[in-house]
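Chain IDs A, B, C and D follow the sequence of writing; residue 1 opens each chain.
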């Protein structure tokens, strides 16, 4: 009873009841396999989040549609008022008049205002005055979002496809490798590794935050191998490859850094399942000192080579 | 004497003299029941804060009024200069002329500039040149505020309506539950729980920061139950429901997180009064592992079920 | 020798050689009394800092002058090209022509473009095309700075005019009081108090970071009295008022908080000289619990009353 | 075997195999001598980073070229549609017509819209409507980047050209000096010093984070001398100048501060090679207390004077 109370809350909000399959809770791209049910619309919706995280194509379609629809709406209003209150309308048919009203609207919304077509009279001028104000406000939102998306920082940290269990000092270690492929500097890089594993003979899961050889580096100019030493206090201590697979282990990675270009803190997430771990392999060395430069071969960060694991005495 | 000195300062600025009623110091929505008296206007006022925190309707009324009044003012100036210094004025009556001047002003303020009506002569051109500059500057403030409000992060964390006293390991615990109903990720979520309680047989209040089972999670993908274990060092140790009510207890919650969509740190506050605590109840489990997904039933985060409290030996 | 080495570096960059007078190193408004000599212009200058910290009047004079001078310059260029390449120029004298060119420039720079006056021919059109682009870029800088200044957070924390030495538990304490007069919330407020004091019989200064009863509060809804207990380890231990004056003590205050309205971290600084300390006084209580509200009388935060200091046994 | 495992990972990502020469890993200006090979284009490219870090001249050339090319493109489209659908075209030759189309485009892209030349008909009006929208969006990006570059904080901390080994208390210390030459305040300044040194009789490098006399100051109003005391636990303990040169030592400096003008955290990096250390010298004192001011002679921060080093007993 006492124990089960503990299990319930110490779960990172990912559920302690293990599923049958080998489903992962955190995807490789850092998104969670979590679905929220029964959230009222008003609590769920966040326009800014939607606009900042949608794909670029969708974003542009939205802006273009909005521009088109706004002009359509105002063109209708101008038609209702009567295009005889606009100067320079040459069109004779209703379609032509509507098109002229549509383009007059576009020239007003963008505050372009050629003036070949211009409003005359109070009703027409009032609507045009309102439209130009709406244009300024809504284009400010659109361009703000555009720049906000463009200048949004994202730590494009590249993770090695596999983790390894490799010899480390006179024991062994769980290791994976990261690299910042871009030329912007990442500073004060911190990493957290959480291990989620089924309990033996149970449907429940345990969550462990793994101690690391080094959990923070001042900068990350090239590649960094993160190491969890499998000491006697590690939850992986003396577990075999088969046991780790049977326990459906998942290593959840969270990285935090300061991106100097964007002057902001950025986060990156990924995960390794038990099946993505190579046992008895180590990462090959990818840093070389040439004459004037230190070079890092980013293309080889996944490369490993055989490495005899240390025997752990009983 | 010595002791009272201590009480006085350790009070979070919420006053140590308990009121008679069951008034709360922090409202459910995170605002404080605090009123500041005798603050000079110049120290109190903060235009940005007012503009960023007023309701949307009030904000838009303000912008529209400002636009209207600016045009009104400039129309008066143009009338004083004389509309004969504007081209294309067709109006004959003063009202008509004023309206034309008004709309000319709106076309200048928004830098629309159709040009059907355009200034001629130094006085008219000078005022128009000034108006267009003022228009650019003030619309920049208005649209800046608009985007600032739109992109202002706010942690819309949903708190369970009630807290519970539930069994926890072989003792009991004070627990409440939170969920992030939105799809944006909250990272490095930290929580602080402060208990404010009347002293026994006294009109004074004590303030305690409660130790938590876990005060920080790396991410909050679904729901999180925050637990204060009522150990022998807890100020709630061995208190009965009646005693907690009599002491007019208030649990003040403060949460801090990094909102990934907004790339900013956000805060959220709430509180539970003694009357909002269910004794001998525990929260039902709302996380399920389906085939490909972990689901969280947000609609049920308030749901509790009976749970026998552990007896605490003397 | 060894000791003097230590003095030299532990000085906050404020100099360890005490001056004769009672000059302060940090002014009440948080600016330092520090002048930097022989800084090359290129290292000293920071346009953004200048523009963001100059007074509002100076800022507006700068923008208006810039606008005027840009138009003046472009008017000259248009005159050199010849105003016969502009449509709608009615002026006959050179002055009139220049004025028309000037206003045409203003209509181009703001992208107003009435079009009554419009460029004809390659030279004129080219300059106008360049001017409109320059206008867009420079008005973007001007309005960006305008909004940047407007939305710049600043913790307008109000400090009590005097600090006090008051009884605290069974010893005494150095205390001062702060209040946030505005309605925006300050969260996670941290305070650092550094004491700068002349060494006995020496021209050198010592710097001490004073331990506080509480150096951080989760929020600051009303007033907060910051207390440094004068325990036996305090540099103020057993010093008399006269000794503190003779040592030319200065208490340098630094506060840090998160401003919720601005979603940013803000800092505030102030200082108390020995002459601004009231001995044997304590701050009166300014927090009241009314029916529905806690009220803080901000107007009285300077108010103190007599308080017998505790005798410190030898 | 065990040991070599350790060396491999504890390397800051700068490589543990020492080069033959005296190459540095971190340049004086804070850039790393690191080249990343075989990074796929899509992972390497970051438009924002490129635009924010390119020199100003390149940035303006880019904007001007973009403006020119966009107008060129749209002029071609307008020619294809036929300039007879534009009012006010006076040109007779194709070149003249093209130039008029080009300038019409520029007046549309900037939303200037004089209207002397204005579109007539659906095709022409449609393209103009699209161009004005593209103009608003792309000028928003350009001006956003312009302001983003302008308001980007950078800690222009000035480092002394040389570091020194000087007497410190009854031992010696590694010291260098920094100053903030600008008038903006840097707050909560933190410094990290990492020493990279060849192992004795080995081609491998060791990395040490050096303990400092003081690693953080609350503010940096004038100059600050950072001191690493060479105690018995220091990797520099009892090393001679010749040994430090032979080990090809490099001191990598990282500073972090909050810039009050920009309301942002800023970082600064630099390094000292063994050859840039003066042994038996100390920095001259550059802070003076004048009547009303503390003055710092920034021009003299490089100045040192002879200082007998303390003898370290065996």
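The definition used in the following text is that a residue touches a chain if its C-beta (ideal position, glycine included) is under 8 Å from a C-beta of that chain, and two chains touch if they have at least 3 such contacts.
The model shown is predicted, which means the values in this text are computed figures rather than measured ones.
Homomeric contact subunit A/subunit B: same residue numbering on both sides for under half of the interface positions. Comparing chain pairs B-D and A-D by the number of C-beta pairs in contact, the larger count belongs to A-D.
Overlaying the C-alpha trace of subunit B on that of subunit C calls for a turn of 90°, given as a multiple of 5.
Subunit A and subunit D have centres, each the mean of its CA atoms, that are 26 Å apart.
With centres taken as mean Cα positions, subunit D sits 36 Å from subunit B. Subunit A has residues 111-115, 144 in contact with two or more other chains. Partner subunit A is touched in their complex by these residues of subunit B: 63-64, 67, 71, 90, 99-100, 103, 106-107, 110-117, 139, 142-144, 146-147, 150-151, 156, 158, 166-170, 173, 175, 179, 181-185, 187-188, 213-214, 217-225, 227, 258, 260-263, 285, 287-289, 291-300, 310. The touching residues of subunit B, counted against subunit C in their complex, run 1-3, 5-6, 8-15, 17-19, 21, 23, 25, 32-40, 43-49, 52-53, 87, 108, 111-115, 118-120, 122, 125-126, 128-129, 132-133, 135-137, 140-141, 144, 148, 152-153, 192, 194, 254, 256, 264-267, 269.
Per the touch definition, subunit A reaches subunit C in the complex via residues 111, 113-115.
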